[in-house]
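Take a look at these structures.
Each of the two complexes below includes subunit A, the first together with subunit B, the second together with subunit C.
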Partner chain A sequence: MAKIIVVTSGKGGVGKTTSSAAIGTGLALKGKKTVIIDFDIGLRNLDLIMGCERRVVYDFVNVINGEANLKQTLIKDKRIENLFILPASQTRDKDALTKEGVERVLNELAKDFDFILCDSPAGIEAGAMMALYFADEAVVVTNPEVSSVRDSDRILGMLASKSRRAEQGLDAIKEHLLLTRYNPERVEKGEMLSVEDVKEILSIDLLGVIPESQAVLNASNSGQPVILDKDSDAGQAYLDTVDRLLGEKVPFRFLTVEKKGLLKRIFGG
Partner chain B sequence: MSDQSLELKGSLFPLSVLSCADLSVSSLSQQLRQKLAQAPAFFYQAPIILNLADVQQAPDFHAIKQLFTELKLVLVGVCGASSELKQQAQQAGLAALQLAKDSKTAVTASSNTRQTAVVTSTVNVPMDSKIIEQTVRSGQQVYAKGADLIVKGTVGAGAEVIADGNIHIYGTLRGKAIAGAGGDSTKRIFCYNLQAELVSIAGNYWLSDSLQGDFWGKPACIKLQDDQLVLAELA
Partner chain C sequence: MSLLDYFRSSKKTTANTAKERLQIIVAHERRRRNSPDYLPQLERDILEVIRKYVDISPEDIAVSLEQRGDELSVLELNVTFPEDKR
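Showing the complex of A and B:
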């Protein structure tokens, strides 16, 4: 049975799409057949970050409306075996997604895939609710600042009350905290919340901590999920995150300020 | 068959108590119909106890039972009855109950006027506590109606917990807690870690500014004393 994982946050621009692309790619690298669905109807971001924007013919809404089938619509990643993208429509409005339609598509995908990743739009309106409704697990993407934490708390409340699992009285959605854009220097200066602060406020399990990194910007500019940049800090942090999602115990990295060595201090870096 | 298929347990329920000086069927019928017309849905099939505290002469219990059935009410028993009346009520298939001492007594028609009145009042029977197993998240609201509220987890910033009774929070209170919402000023708030946005008891409230100090971030109990909120250690 496929696992449906929603990548959600409440607040916008915290790194949901970046994380969906990285985690989806990472799962496929581990041999898991994975599809990433862009639920951000009207904006379309995932295909850019995945570098497949020029290969989009049909989209999620076409499939829901029966205008195209999944086989025609799914975009197979050119770099990695087992990885597929279901792109969002840029032209339709958000109400194009119906619960019945989404359920039908998810059921069909579930027959074939190990993991279905749902990249949620920001906010707590219909689109975000649709992305989380059928989830088995949730990756709650949070930046270490008060407003993002507050929105994550809000979304956690929705996961516990407005999801299919909640409504049908099934086991609760498994919740994971993914702290992104973490900047240990600013945490030390007291300008940002620490990992411990966020963990304490949200009281859910920590799945990963992704440092604030230039590598993420480089990656999205070149249409390469940052997890493929294996030498970068953010890439490594996402690799760790995927291992943890698959149940491995991996120590956390990039939580403290790196002490610059003498050479680095002289030559910069 | 095992014994477990049968279970007999004591429980408490809110019941309406009917007090009326004149229990003749004709008078009762007229007055009840008037009362019910004001809120037919509210009393539909409502279980009712007949208060016999001010009644000397035995009414016709069978006829009253029949009247109740006609009016879509359920007469379950009597209270405040003398031993003689009690016996007659029991013969008519009614339960004889004891009125709790602290219950709000009904405003019955005073004996020195001719006027009679039907007044129903709800006996205050303590209810179960409402228990929330998880964390109450931002944007969520929990209300324990007529009950205490127990939260095992944390109450997040932007979340609201409300109870007519006491509130117990075993995690951190970051949101709002409103105890004694029904106006009972003897109710209290207990929490394991006080960082609240607002606490209120029976309408008296404090914002987080007033909560800073010795108890901020610590276990605390909040109560109302001479119309003033008072913070105390949880010990």
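Showing the complex of A and C:
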């Protein structure tokens, strides 16, 4: 039975698609058969981040409307076994995703996959609600910044009330906090909310902390999920995140500033 | 902590301000989210009753329902009377 995980945030630009691409790729690297679905209808971008934008023939809405089948539509990753992408449609029709249609596609994918990752659009409109509705678990991507934290809390409220699990009285969606764009230097200077601060405010389990990193832009520039850049801090932080998602106990890294020399420690800087 | 930080440490950081602001607004929004649908109407009805006797405006009244444990719910009613009507 497949596990359905939504990657969501409320606020835009916090790293949902980057995280979906990295975590999906990481799960596949671990041998789990994984599909990442782009729920951002009208603003397709997962394909670019994954580097398969020129291989899109059919899309999610085509499958829902019966214009193409899953086999024709799923894009198989060329680098990693077990990894597939279901691209979003570029249609401007906001109601292109129906609950029945999405459920039918998810059920069909569930027969074949270990993990179904739903990359949610920003906001709390229909698309975002559809992405989280069928989820078993949620990765709430948050930046250490006031508007992102507040929006994340809003999304936590939606997960607890507007999901299938909530409506049918099943066990609640398992919520994970993924803190991205974390800058330990600014945290030490008191200019940025710390991991502990955000954990305390949102009171959910911490899944991972991804440091603010040049590797992320380099990765998206070249269409390589950043987790494949194994020498980078962000890549390693995502590898740890995937291990934790699979239930392993992994210590958190990249939370503190590297030790400075004696002079700097005396005079600060 | 460096020597300079020692002298700076008495100042409140912007991160602290952010945390305090977030704790207040998040708590407020959670309370509203978790309150039953009838609460706004209840608030309006109570307002009407009080208005029969004292002229108060909608922002002078706050109604909240707080769950304390499994057995006990506390309905809290907060009415601010204007200075000259007391």
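Methods note: the second predicted complex is superposed on the first by the 258 of 269 C-alpha atoms of A that agree within 3 Å, B and C clash if a C-alpha of one lies under 4 Å from a C-alpha of the other, contacts with A are read in each partner's own complex, and residues count from 1 in each chain.
Quick note on the criterion: a residue touches a chain if its C-beta (ideal position, glycine included) is under 8 Å from a C-beta of that chain, and two chains touch if they have at least 3 such contacts.
The structure presented is a predicted model; accordingly, all values stated were derived computationally and were not measured.
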Which partner does A:Ala28 contact after superposing on A: first (subunit B), second (subunit C), both, neither?
neither
More subunit A residues in contact [subunit B versus subunit C]
C
Report for A:Asp153: first if it touches subunit B alone, second if subunit C alone, otherwise both or neither.
both
Going by the contact rule set out at the top, does A:Leu207 touch subunit B (first), subunit C (second), both, or neither?
neither
For A:Ser194 in the superposed arrangement: first (subunit B), second (subunit C), both or neither?
second
Which residues form the common part of the subunit A surface touched by subunit B and by subunit C?
150, 153-154, 157, 161, 200-201
Of all residues in subunit A, which touch subunit B in the complex?
124, 150-151, 153-154, 156-157, 160-161, 200-201, 203
Residue positions on subunit A within touch of subunit C in the complex are 145-146, 149-150, 153-154, 157, 161, 187, 189-194, 197, 200-202, 264-269
Which subunit B residues qualify as touching subunit A in the complex?
134-140, 153-154, 156-159, 171-172, 174
In the complex of these two chains, what residues of subunit C are touching subunit A?
2-5, 13-16, 18-19, 21-23, 25-26, 29-30, 33
